[in-house]
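What follows is a set of structures for review.
You will see chain A twice below: alongside chain B first, and alongside chain C after that.
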Partner chain A sequence: MSDLAKRLDLNRALSVLGPFIGLILVMGLFAVLAPDRFVSAYNLKTIVTQTVIVALGAIGMTWVIIGGGIDLSVGSVIALSSVAAALFVRDGYSPAIAIVVGVVVGASVGALNGALITGLRVVPFIVTLGTMLMARGVAKWLGDEQKVDVPETWLDTVMSKNPDPSWLVLSPGVWTTLILAVVMAFALRRTVIGTHTIAVGSNEDTARLCGVRVSRVKIILYGIAGSFAGLAGVMQLGRLTVGDPTTAIGLELDIIAAVVIGGGSLSGGRGSILGSMIGAFLMAVLANGCTLTGVPNYVREILTGAIIIAAVAVDGLRQRPR
Partner chain B sequence: MNVMRKNLTISGLWGALLLSGLWAGGCDCSEGDGASGEGDGMRTIAVIPKGTTHEFWKSIHAGAIKAGRELSVEILWQGPLREDDRSDQVRVVEDVISRGVDAIVLAPLDDAALVPPAREAVAEGIPVLIIDSDLDWDGRVSFVATDNMEGGRLAARRLGELLGGEGKVLMMRYQEGSASTMRREEGFLEAMRADFPNIELVSTNQYGGATTESAFATGEGLLVSHEDLDGIFTPNESTTFGMLRALRDADRAGTVKLVGFDSSASLARALSEGHVHGLVLQQPFRMGELGVRTAVAHLEGREVDARIDTGVTVVTVDNMDDPEIRDLLVPDLSEWLD
Partner chain C sequence: MSTSALLTMRAVEKRFGGVTALGGVDLTVNAGEVHALVGENGAGKSTLMKVLSGAHRPDAGAMTVAGAAYAPTSPQGARAAGVAMIYQELNLAPDLTVEDNVMLGRETQRLGVVRRREDRGRIEEALAFLGHEDISPRRPVRDLGPGQRQVVEIVRALVGDARVVVMDEPTSSLSRRDAGHLFDVVRRLVKRGVAIIYISHFLEEVEELADRYTVLRDGKTVGTGDVVPGVAPRLVELMVGRPVTEVFPVVPRERGDALLQVDGLSGRVRPSGASFTLHRGEVLGIAGLVGAGRTELLRAIFGLDPIRGGTVTFAGVSDGGRSAPHRVAQGFGMLSEDRKEEGLATSLTIAQNATLSRLEPFSRFGILDLTARDRRAAELIERLSIRSAGPRQTTGDLSGGNQQKVAFARLLHQDADVILLDEPTRGVDVGSKVEMYRLIGELAASGKAVLFVSSYIPELLGVCDRIAVMHRGVLSKPRPAKDWDETSLLDEATRGGTP
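Then we have the complex of A and B:
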């Protein structure tokens, strides 16, 4: 038994090792190409801050993908929650309330996703494709087809590279992301909802036979993904200082890519928060490095695509039955 | 043992990836312009456009390179992946600050969202000069751009004269929150209402969006719902081209008068074929060149004007063959871009 547990642990360690080696290689590449610019504390801080939005989305997405689903609506939900939060800030509410509003809006869309998937028995891809469009439309409607300008508040500093107080070193947004990543990684392995998620994603029928309430698990799962997208939306508002209904178009694909690079399997049951965080960071490094070295944008797109395919191919090798 | 072998495969694949990365990076460096020119004390100026795919930005790029060559300044040209991605442009500005440059010439995608990174640049000792679209911020060195209100007014006058002061006209807007095109739309509406009271504005609230594709789709919808249309105004290249495609598809190109903004080779051809009846031209090449020149002047400690107007002209089928208009309409950028 303990032998099996060891094998499982080893397997899990390996699934993080792949993306980690990839990250080291990409960072090494840029360190060679642009030594004086890429390797600096300031630049590292820049990249880490730029990772926050994709990383937050990826925490929720990891749960959904492990549970055998997919959520295409997260990009739109980020836009929707950033607009909703911006409206509250604009109307003079405290940013703390705006944060709650953003998360609640995200959680509601997420729960709606879950309810539609289980209630209508439509596959997640289609349901979330629908809510992706709906959330985008509602965001533009709420924003009156305009970005929503907000007065300056402390919300503008949550994504600042020079946080106040300065002993924080990294922005509050980065710390929030790190803490939530640890909490959600722990919850995935050690709580009932976490193990049920893995069970549903590994084999839904077996999970049902074992007494897991699959529908409930799914609604919670998409609710979690929505909440994280909502929080990411608030961070986006802090970063842009405007609530932008056209923001984060296509960001769901970056988020899914982060999870996949990190070893998440679209057939469910597998994935890890740590891997997804590395995946998100890897993509931010790539974008940053390409700007620093001055390579054209298309190189960055081609490289990101190649990395996604390579990551999955490597993962496939590891998974091949022995 | 088994584990070792798998590990090797993993690093092998990542290694292949690394090689492809080296190839991509190396290939760029060998292109000339001197991506490694920093050691010899050459100034580097980052020019950050709203996007990299429109003809307009290519002209700005060419102008910037011209100034760069003449003043021995290295030009770092970096834009967001899509022309509506505010957060990616914020990222580019941050990365450029982090990289370290002598000055930033920025065409902001948003008049508010780009303020924090611009402020950060100044805090890091990098002066910021704004081109094309204004930024709601007083820390810039100078604002080098077209008078967009005036451009919109010129378009209204051209369209009004074409229609003899009567008929139904619509305006397809570009994109929510883009300051320069909003000014053009405003200028157009203002001059239309003031100078041509008998022209009816049948639709002015539809947005073509950031891409030609989305503008095409919106244009198709507008044409279906307005069958007795006489004239159209579109405020930038992608909306003009999208609308032109929609008009051609509906077999109404030429009958509905189209006055657009900016140019490209296909728009120039459409002008000579009588499918487009007027294009308001900015001088992007000049904007790129003046942007860099002004930045260098500032770095050398000279006084620079806070607002530099780069001018607008209306090109029609009658004046399109004048040499200086020709240069604006179909600029030959091959000398500067490869």
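Then we have the complex of A and C:
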């Protein structure tokens, strides 16, 4: 039995192998095309830092998608929380307060998503399409339809490629993302709420039959997705050094793509944080490599699209013979 | 009786692998008659319908329609030969209009443009003939009630020049009044010379409407004749006449205190005013036809369907309905009739499925001890002899019987006091069935209270202490199992009884 248990765990590992091989292939390709510029510690740090926003969003999105939902509002929530955080920094509050504000704003929109989905019984796609527009509107309203300039604080350094102190090697934003990814991956497999999330996404009726409080699980799920979008918004503020209400337009699609490339299934139940992180990194590598090699942007877009479809198709092939 | 046989079947057989679904069916239906086709669940009625409609090809035997050999290879072929099917689940597109539904697939067209005007006359004429001028051809089907939808299906058959119309349980989803209208429509069709094959569980309907009957049992024709007043007991006899082969393990047990009391419980449609008391150490069976409201009763008690009236009293505490999580916390457990859609999350592992309703033993501060969970799942696998590769095997990979055992394992792990079982042995092989009967007996013997819904009468008689019958939403008074036999149970399930 233990042999078999290993084999079954191996099968789960295999689901991450696909995107990982894709990642190696893409990196190999750019390493050949632009050996000196692509393969450097500095460039690697650049890519990793560029991954942060999408990766943070993808952590929350993985939970939502495994729970059988979708959240289109995260791009707008990133903008909203970055503006909200910027207003607090501008008014002289500590950046620590601003981070809390950003996360709370995101969590609130997320919990609202969950409450509307369960309370009004409207499908997640529509509810979050609505709140996507609303959050964007509120962000512009708060920012008075302009960028919110902020004084220089330590918040500007969380996304810097050369962290201070230098023994950190990677920026605080990257470390934060990595730690949160590990925590949330652990939580997904090893906590009650994680187990309930997988159960709801696999078969909502079964979960109900087992006494799982499905509505509460969903509100928590979207709250998690919102919190991570909120945190990503603060990171975005750190990166841009202004609160921009028009930032991250369409970024929800990149985030969903990262989850899907990483093995997430839009019908719920399947997906992994590690896979989503690989997906997010893969897309950042693609963007970076194309810029370095002078490949036009449209080629990158075509490639990304092809990779999304290929990832899902390959995953489907792996699932079939059972 | 006229001798103009419109449809004949002679010694028709159909096998699926090693299973004989039809083992010699003879059927003769005359023009202008309503021919009732009756039989228990699994007697072969649906296979017969599929053979008639061209969905299955028979392995042996011959069929004729109006004297010509009839061997349809597709539903289109059946329709072209004049045989129309009206299924229990209506085949209508709700967003299309009545006329578009009637003409779907054979629209009169020119250059791809639908010429509705050319068909509208015929459709209106058919509606008028059936006495349903109230249905406008241009209304979307979504706006129609279930009775009117059925009429649209019949219009579709009429406009398609059907000579034989097969109706499968047409009144099962209709109110009394709509059923009356439908009988009217059927009588008009018959006057036109159409032959109706009327499949129904409701013997009172058969007595009221049909001219002749044919009874199927175990895939064979076991009787045919004229419907005369008082024929129903004879039909029941023909339907049942089967030796009981299952073995029911005897688990000695004693009835304890009353644990669950249900008073006048009513749901949205069904049940209406159900009352019973369930004791510790007791298995209470609920017999009845599919659609009688048995599942709805369990769902209402368990908090999955809303309660419109009545109370549920558990261990002395009364309420007018609680949510499913609340019921689980109280100590209710339920096994769903629909294993794939509701009962199990088939993409999850055995361990995940078996423990989902009670994770507390493995959880500290919300964090799960997966090793402990696997160990517990392994115990359950052992206890129920689930054939599997281990706790981490995906549930969907197991056979039907073993999947059902996983659902049982969940009830065991949950350690529920009141166990609601909805068709627990459906789609389960005989060997696993016997194991489940034993398990149900053991659960009762250990002081649990079990409510056991089944359409399979022998197992109710073999396993239960008392049995109640549900007929069209009304639950009879439970009586000791020894006071029932197959005939009386089937009779009460099909005709209703003295409440």
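Criterion: the second predicted complex is superposed on the first by the 313 of 322 C-alpha atoms of A that agree within 3 Å, B and C clash if a C-alpha of one lies under 4 Å from a C-alpha of the other, contacts with A are read in each partner's own complex, and residues count from 1 in each chain.
The rule we apply is simple: a contact is a pair of C-beta atoms (placed from the backbone, for glycine too) under 8 Å apart; a residue touches a chain by one contact, two chains touch by 3 or more.
Note that the structure is predicted; figures quoted are calculated from it, not measured.
Partners chain B and chain C fit side by side in the overlay (superposition on chain A). In the superposition on chain A, contact of A:270 is made with chain C only, not with chain B. With both structures placed on the common chain, the touch criterion links A:199 to chain C but leaves chain B unconnected. Of the two partner chains placed by superposition, only chain C is touched by A:191; chain B is not. With both structures placed on the common chain, the touch criterion links A:134 to neither chain B nor chain C.
Applying the stated contact rule after C-alpha superposition, one finds that A:100 touches neither chain B nor chain C.
Counting the residues of chain A touched by each of chain B and chain C gives the higher count for B. After overlaying the two complexes on the shared chain, residue contacts for A:213 are found with chain C alone; chain B is out of touch. The superposed three-chain arrangement places the nearest Cα atoms of chain B and chain C 16 Å from each other. In the superposition on the C-alpha atoms of chain A, the part of chain A touched by chain B in one complex and by chain C in the other spans residues 322. Residues 10, 14, 17-18, 21-22, 25-26, 28-29, 33-34, 37, 40, 42-43, 46, 49-50, 53, 140, 143, 145-147, 149, 156, 160-161, 236, 239-242, 244-250, 287-288, 291-297, 299-303, 306-307, 310, 313-314, 317-318, 322 of chain A are the ones touching chain B in the complex.
Within the complex, the chain C residues that touch chain A are 302, 304, 323-325, 327-329, 334, 336, 341-349, 352-353, 356-357, 359, 363, 366-368, 370, 374, 378, 389-394, 397, 410, 414. Only residues 1, 4-5, 8-9, 189-193, 195, 198-199, 202-203, 205-213, 269-270, 322 of chain A touch chain C when the two sit together in their complex.
Interface residues of chain B facing chain A in the complex, by the touch rule stated above, are 2-3, 6-7, 9-11, 13-18, 20-22, 24-25, 28, 35, 52, 76-82, 84-88, 90-92, 94-100, 110, 112-113, 115-116, 120, 175-177, 207.
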